[in-house]
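First the structure, then my questions, so here it is.
All chains are identified by letter, namely A, B, C and D, in their written order; residue positions are counted from 1 within each chain.
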Amino acid sequence: MPNDAYIALIPLLPLAAFVVLGLFGRKSLLRLSGIIGTGAVLISTGLSLWTAYRYFAACLSDGACRLITPLKVTWLTFSPGLSIDLSVILDPISVMMIVVVSFVSLMVHVFSLGYMKGETRFGTYYAFLGLFTFSMLGLVLSGNIFEIYIFWELVGCSSFLLIGYYFDRPSAVAAAKKAFIVTRFADLGFLVGILILSFHAETLDFHTLIQRLTGPSPQLASITRASFLGISLLSWGLVLVFIGGAGKSALFPLHIWLPDAMEGPTPVSALIHAATMVVAGVYLVARLYPVYMFADPAVLRVVLYVGAFSALFAAIVACVQTDIKRVLAYSTMSQIGYMMFALGTFQAAGEENTLGYTASMFHLFTHAFFKALLFLCAGVIIHRVHSNEMKDMGGLRKLLPLTHGCFLIACLAIAGIPPFSGFFSKEEILLAAFHANKFVFAVGLFTSGLTAFYMFRLYFSVFWRRQSQDVGSHHGEAPLTMKIPLVILAAGAIFAGFVPFSRWVTYDGAPGKGQGIGGFAIAPVMLALLGMLLAGFFYQKESARPAKAAAALGGLYKFAYHKFYIDEVYSFITKKIIFNFIGRPAAWIDRNIVDGFMNLLAGVTARISARIKGFQSGRVQDYALYFFAGVAALAVLFIYIYT
Amino acid sequence: MWAGFIFSLRQELIVTGIIFLLLFIKVGATEYKTAVILNLVNGLLLANFILGFIGCQDSILFSGMFHTNKLLVLEKNILNLGTLIISLQAYDWLKGHRQVLEFYLLLLATLVGFFFMISAGNLLMFYLGLELSTIPLAALSSFDLEKRQSSEAAMKFIMSSAFSSALLLFGISLLYGATGTLDFDTIGQRLDGSAFQLFAFILLLSGFAFKISVVPFHLWTADVYEGSPVTVSAYLSVISKGAVFFVFIQVLYTVFKPLAANWYRILVLLSILTMVTGNLFALRQDKLKRLLAFSSIAQSGFILAGITGSSRTGDASVIYFILVYIFSNLGAFGVVSLISAQTGKEGIDDYKGLYATNPLLSWVMAISLFSLAGIPPTAGFFGKFFLLMAGVGKGNYVFIGIAALNMVISLYYYLRVIKAIFMESQPEPIGKLTIPFLPNLAFLICVAGIIMTGLMGWVYDYIYSLSIGL
Amino acid sequence: MNLSLLVLAPLITAVAVLFCRGLNRVRWVSLAGASVQLVLSFGLLALYWKERAAGNDAAMLFEYRHAWYLPLNIWYHIGVDGISVAMILLTAIVMEAAILVSWSIKTMSKEFFTLLLFLSAGAYGFFLSLDLFTLFFFLEVSVIPKFLLIGVWGSGKKEYSAMKLALMLTSGSALVFIGLLGLYYHTGGAGGPHTFDWVTISQMQFPAEVQRVFFPFLFAGFGIFTALFPFHTWVPDGHSSAPTAASMFLAGISMKLGGYGCLRVAVFLMPDAAREYSPLIILLATIAIVYGAFATMMQKDLKYINAYSSISHCGFILLGIGMLTRTAIAGAVMQMISHGLMTALFFAAIGMIYDRTHTRLVGRLGGLLKIMPFISTIFVIAGLCSLGLPGLSGFVAEITVFMGSWQHAGEMYRLATILACASIVITAVYILRATGQVIMGPVREPQYNGLADATWNEKLAGILLGAGIIAIGVAPFWLNDLLASGVGSIMDHAEKTSIIK
Amino acid sequence: MNQVPLSHILFVSTALFFIGMYGLFTRRNMITMLMSVELILNSVNINFIAFNKYLYPEKLEGVFFSLFIIAIAAAEAAVAIAIIINLYRNLRSIDVEDANEMKF
């Protein structure tokens, strides 16, 4: 495909919007900023779709998808061969991702036109959205591991800025800081991982890196030979990169920032903390998947277990949360756990199982639609109710009919009810897990049931539970700008599952076999239905049942309600241990010991000075005496000792 | 023959001429105006300084008693310059003093003494020059007759210097006994480093060390500087010290060349002692004059370090440093002198807030002190750098390390003064002072000297071309 | 190009300021002088590129020699390579910004600007010098203005800080002095003249034992300037007491003198010793990085935060130098420039905040974004640069150091690199704590509400520094190319003369 | 007539030297201290003359030197006494212990 340089425009247009709005959005372009931002993303989306169309058409005609690098600019050269190139690469997953990112971003942009209307920092909001969209698109198009790190940090930063958008709320500020610092901590792993991999592979380019580390090459020999603590450096590097991904994707135990990140405006949560940024970790692992496959199986096993545990853990916590956005946040975490463990299902009893890769990407794709939809619906609800708490809601189905419908669609999709999109992707994941590891499969299955339960718990609590009310009908459900994205996303949530995904997105570019799901689907769907029924039983009507159930579960309920006290553990470690036992002593030592030593030197000098003042007694006879003593001493020293 | 004689002795003769002129005025005129006399004398000194630049031939007079050459002429000219500056600065003080003529008579007598001392080729001549300068200086110290401190300073000075010259003489007598001659050239040939000779040398050295305030022979310095009129302290600190240094280095490098290994060790020890003691005492002084006294002791230590270099660089650096030191120290003493003459205040605390009322004086003081501390772009930096650079020529890095450390310590007390002037305030700061023309001129010379001497390399080049190595 | 112009321009301006009457004229003349410097340094950059493009690959360009003290073989010898050009550019930008933010200085403004300009002359001279004596001269020149600027116009315990700074920096110079003399007397070999000439010395090879003795003096001496642990204690006091412009200069330029000296003199002229002492240097640098970062976390005063973070960031410079790989050294130089701009911007922002709220205590500030959006924005940009956000210069410099350090394969070196990497997390913690408290959150005190945002001059200063940060962050390749030849020659030299391998 | 050996004379001069020194260190009267200095100078004179006479009789350098010393000692004493008198005016004492106002 010649003339592909236009692809650079896909990320650059939102960047331009950011620059323009960042400079002028506060005053002169305040009113126009929504239009500018949305327009830029609209063009980007158009270009993305066009690119996707061309790319996959080429795939079909070639029989396999190839990796294309339409653009490559050297940005910073470290040493020959080792340079950060700003490059754009097209391969199935990156094309898939630009579509998802630009599309969801467009939806959020449009939605925000209504949702954020009247904010004083409207222009700034759109500027930040533009920055995020740019960074995220850049991230997925990166062809260089350091380039991805650059965008990785930039999405983190825009996430920080957007979470802290309501900067005068201390809780928002705290959440923003937490999100940044926790992901930063994980990025440390990513960075060191990059250092390890790039040092041995002698390149930063993904393509070359993968080639060198998966085939017989001197680079591979060097990285597997060198080891630390008995584990090869390759494994170390990959695990560290995975830690980076886990931080951004909010996997256990680095998930603590995600629920708090809900302090940001709801559309932002939909974009960043549901559909796009948080899946960057999955994308990263997928990007390096050939290397992961090639390395020690233990590495992917780590991915598998961490993913599975996160999925289960988050689902349990989601069951007892009362804040609508927090439930969604935990559900996001759980779904990402799914994607991650799908990637981990590579080793299947000796044979290679690449189904997980496709399934993971597929779930990523479908999840983006229904999760964004859920968040935007939540946005409408919050916009209306002015609260995040489920207890303030209930019986909203008449008041918000469209929202109700969309929400229901999204819930069905996430619960994995056919023929909604989530069904297809989730079944593929479970299938992959079934082949790989029965235990993880069981966990996945159980989690899938839980998912249905907590989503419908949410659904019933918000839309049913109470008498349908008709408060303040003087304004409609929501402005058109908010409704349109809902409808479009709902359509996506329904139909995205029918995309013949496995034909295109496979780890090696060759079309996949497209395994039938068939009868395998019965168990998960049954479980999901069970979960739905259970939720209906507890929450469809106002009753004492939930409380009783909670009481019955006792400690477990309390544990889950407090998110298993992970936050408390972290705050203990940081506040009590790091601050009190490292930071404070460091500051104290600096002032009192290191600086004290310098002052002591000065003090000692002054002390000596005071001690010897008697030497200058003011009596001329003493002076003469010292004079003579000096002569005598010199004479003794230099006549009798030194000669 | 007479022409050559006069020509070789012209600097001494001019100064002597001025002395006689003043003497005639003293004897002849019953009434005179102080201001006129001051202008006259300063004019004469300026003329003397300029005439000093006339080129000359190397010559030896009085059968080896008196030497002269370009280097010696230059040294004397440096002293002339210093005397001129001091005289300009003394204007304010002398204006109200009754015995102006006597002051100049004594002052110029010491100058002649220094000239003869510098030119001496014989221990007798040297001794005569030394005493000719010392005895009037003692009288000058007590020039504020009604001040008790001035008298005390003079008493301490004359007692100490009498004792020191007695020891010096004892050393000379032993040296005479050992070598049988008083002639510098011959002494050099007859030295063999025996214990007896070394003892004589040490006695002789102590005489020099006394004049240049080397520890432990320095104890008179602070008291005398403090008690004497500021002008006299300034004169003691730069002219007297400078002249003796000129002779000292000459004597060490030529006469005592055979004992070089011995005096090198002695000088290293004395240099360290002097720097350290001078600095440690200076740290806690509250009176500016006393602080400057100890600072001048520490400076002597640095100069000794340069002398230990025993090379042409060493000689040139010492002479160069003394030139720079004259500018710097006289800048500082000039400010002290002016303020002391107009307000009587001499404590560091009195200087608090000086900048608000007298910015010009403050800058002169600051620049001078920075030069003393050896901070660029002032000439003091170059002076110190070259001294220590010469000193390290023998490879004794530990010694130079100690010296460098002492530079840091010395910075502290100079900065203390600057801190008081620029950063602190007090309820009753020194009021706005008027600076008469002549002292102003002196400040101009000092500041210009401090700034230009370092940046213009040819000054050093010229000195180097004349200087001698071991 | 006549490089001496760079030294003369500020000096002439300084003198001109002394003769100005009226506050306004003083300001404008100073600004004009600083702008001339800026134009000159950009001109230098252009000319440098032109020469390089024309194929001139001499190590030093625009050399000029003038005999200064001929008997001692001391020359006024100047010239530039890419590193010096970059440092000069940095100085010019920081100076311009420093003059701009000093607009509100009303007491003794004439003296203030004179001293500030004088300070910059010293920095230019230092970066230009190719004769070690000249270099030392310019290194020491800055003592007077620094002392006076802090002591007279500073705040807090200014006299103590000024004194401490002057004494500690002079101790550093004393060490450098000994090292330089040691070098001087070991040049010349068989009876030849001793020399201070950098170019000549760089072609010599000192015996290993000579290097072993004198390297520590030079390195530690310059190291004191750049906050080498444990000689960094002047930094917090000095920076926090200094007036804004002086803080900017101190942290932005003055600390870089040390790094530049370590590289240009210590490492370049004594590569074998550098190799030998490399573990020690790295140990100290790592301590500075990590310990500085932890100590920063506990600070409550914004200036102290930035001062301690400077210790940590300057650790990267020393780490890069100590690693002795091409990339690491390039990273160290980049870090010098990046940190120079970033910390100057940070101090400028802090100064602006302090001017308005009269406090620098984090706990007493809050919600400034609402009141002074511009100042808050530059504060945030500086903060983000400090924590190494891509797109800003800090990131570029830090990753280059990391990449370069990682190339050193020893296990302990690796550990040091990882610890250094870890410091970016700690940096994030303290920067975000400060930002969260000061910039975000509710407005802390009601009286802050009426405060004005930045004035035109402050905006200009912020934009200038911010533009520099972004220019490097977005397009680091120009800086990398600029530095490449200088770094290359250092490394070639290090490899060529290495006896101990 | 037996000549007195040089060492005897030197012994005398050295003794004189130390007696003078002792006097200078212990006497509190300034005039007495001045006299002690004169003793030292006299010991120097003896040295010079003895050396001249015994060792280097061909030239008279030593003798002349001692003549100059005597003259200068007189001048020195004159100035010293003048200073002491002036001090007495201010201090009303010629005790050296009273003249230690300036110290440290």
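Heads up, the rule we're going with is that a residue touches a chain if its C-beta (ideal position, glycine included) is under 8 Å from a C-beta of that chain, and two chains touch if they have at least 3 such contacts.
Just so it is clear, the model here is predicted, and its values are computed rather than measured.
Here the chain at the heart of the structure, going by C-alpha means, is C. Counting C-beta pairs in contact across B-C and across A-C shows that the higher total falls to A-C. Here the spacing of subunit B and subunit C, counted between their Cα centres, is 42 Å.
Distance between subunit A and subunit C, defined via averaged C-alpha coordinates, is recorded as 36 Å. Separating the CA-averaged centres of subunit A and subunit D is a span of 97 Å. Rounded to a whole number, the gap between the C-alpha centres of subunit C and subunit D is 65 angstrom.
The set of subunit D residues touching two or more other chains comprises 24, 33, 96, 99-103. Multi-chain contact residues of subunit C (touching two or more other chains): 167. The set of subunit A residues that touch two or more partner chains comprises 613, 616, 618, 620, 624, 628. All chain pairs that count as touching, in label order, are A-B, A-C, A-D, B-C, B-D. Subunit A makes touch with subunit C in their complex at residues 26, 74-79, 82, 146, 149-151, 153-154, 157, 160, 164, 167-170, 172-174, 176-177, 180-181, 184-185, 188, 191-192, 195-196, 198-199, 579, 582-584, 586-587, 590, 594-595, 597-598, 602. Residues of subunit B touching subunit A in their complex: 155-156, 159-160, 163-164, 167, 193, 195, 198-199, 202-203, 205-206, 209-210, 215-217, 219-220, 222-223, 262, 265-266, 269, 277, 280-281, 283-284, 409. Taken in their complex, subunit A has these residues touching subunit D: 613-614, 616-621, 624-625, 628. Remark: subunit C residues 67-72, 74, 133, 136-138, 140-141, 143-144, 147-148, 151-152, 158-159, 162-163, 166-167, 170-171, 174-175, 177-178, 181-182, 184-185, 213 touch subunit B in the complex.
Listed in rising order, the residues of subunit B touching subunit D in the complex are 123-124, 127-128, 131, 135-136, 138-139, 142, 145-149, 151-156, 158-159, 162-163, 165-167, 169-170, 172-174, 176-177, 180-182, 222-223, 226-227.
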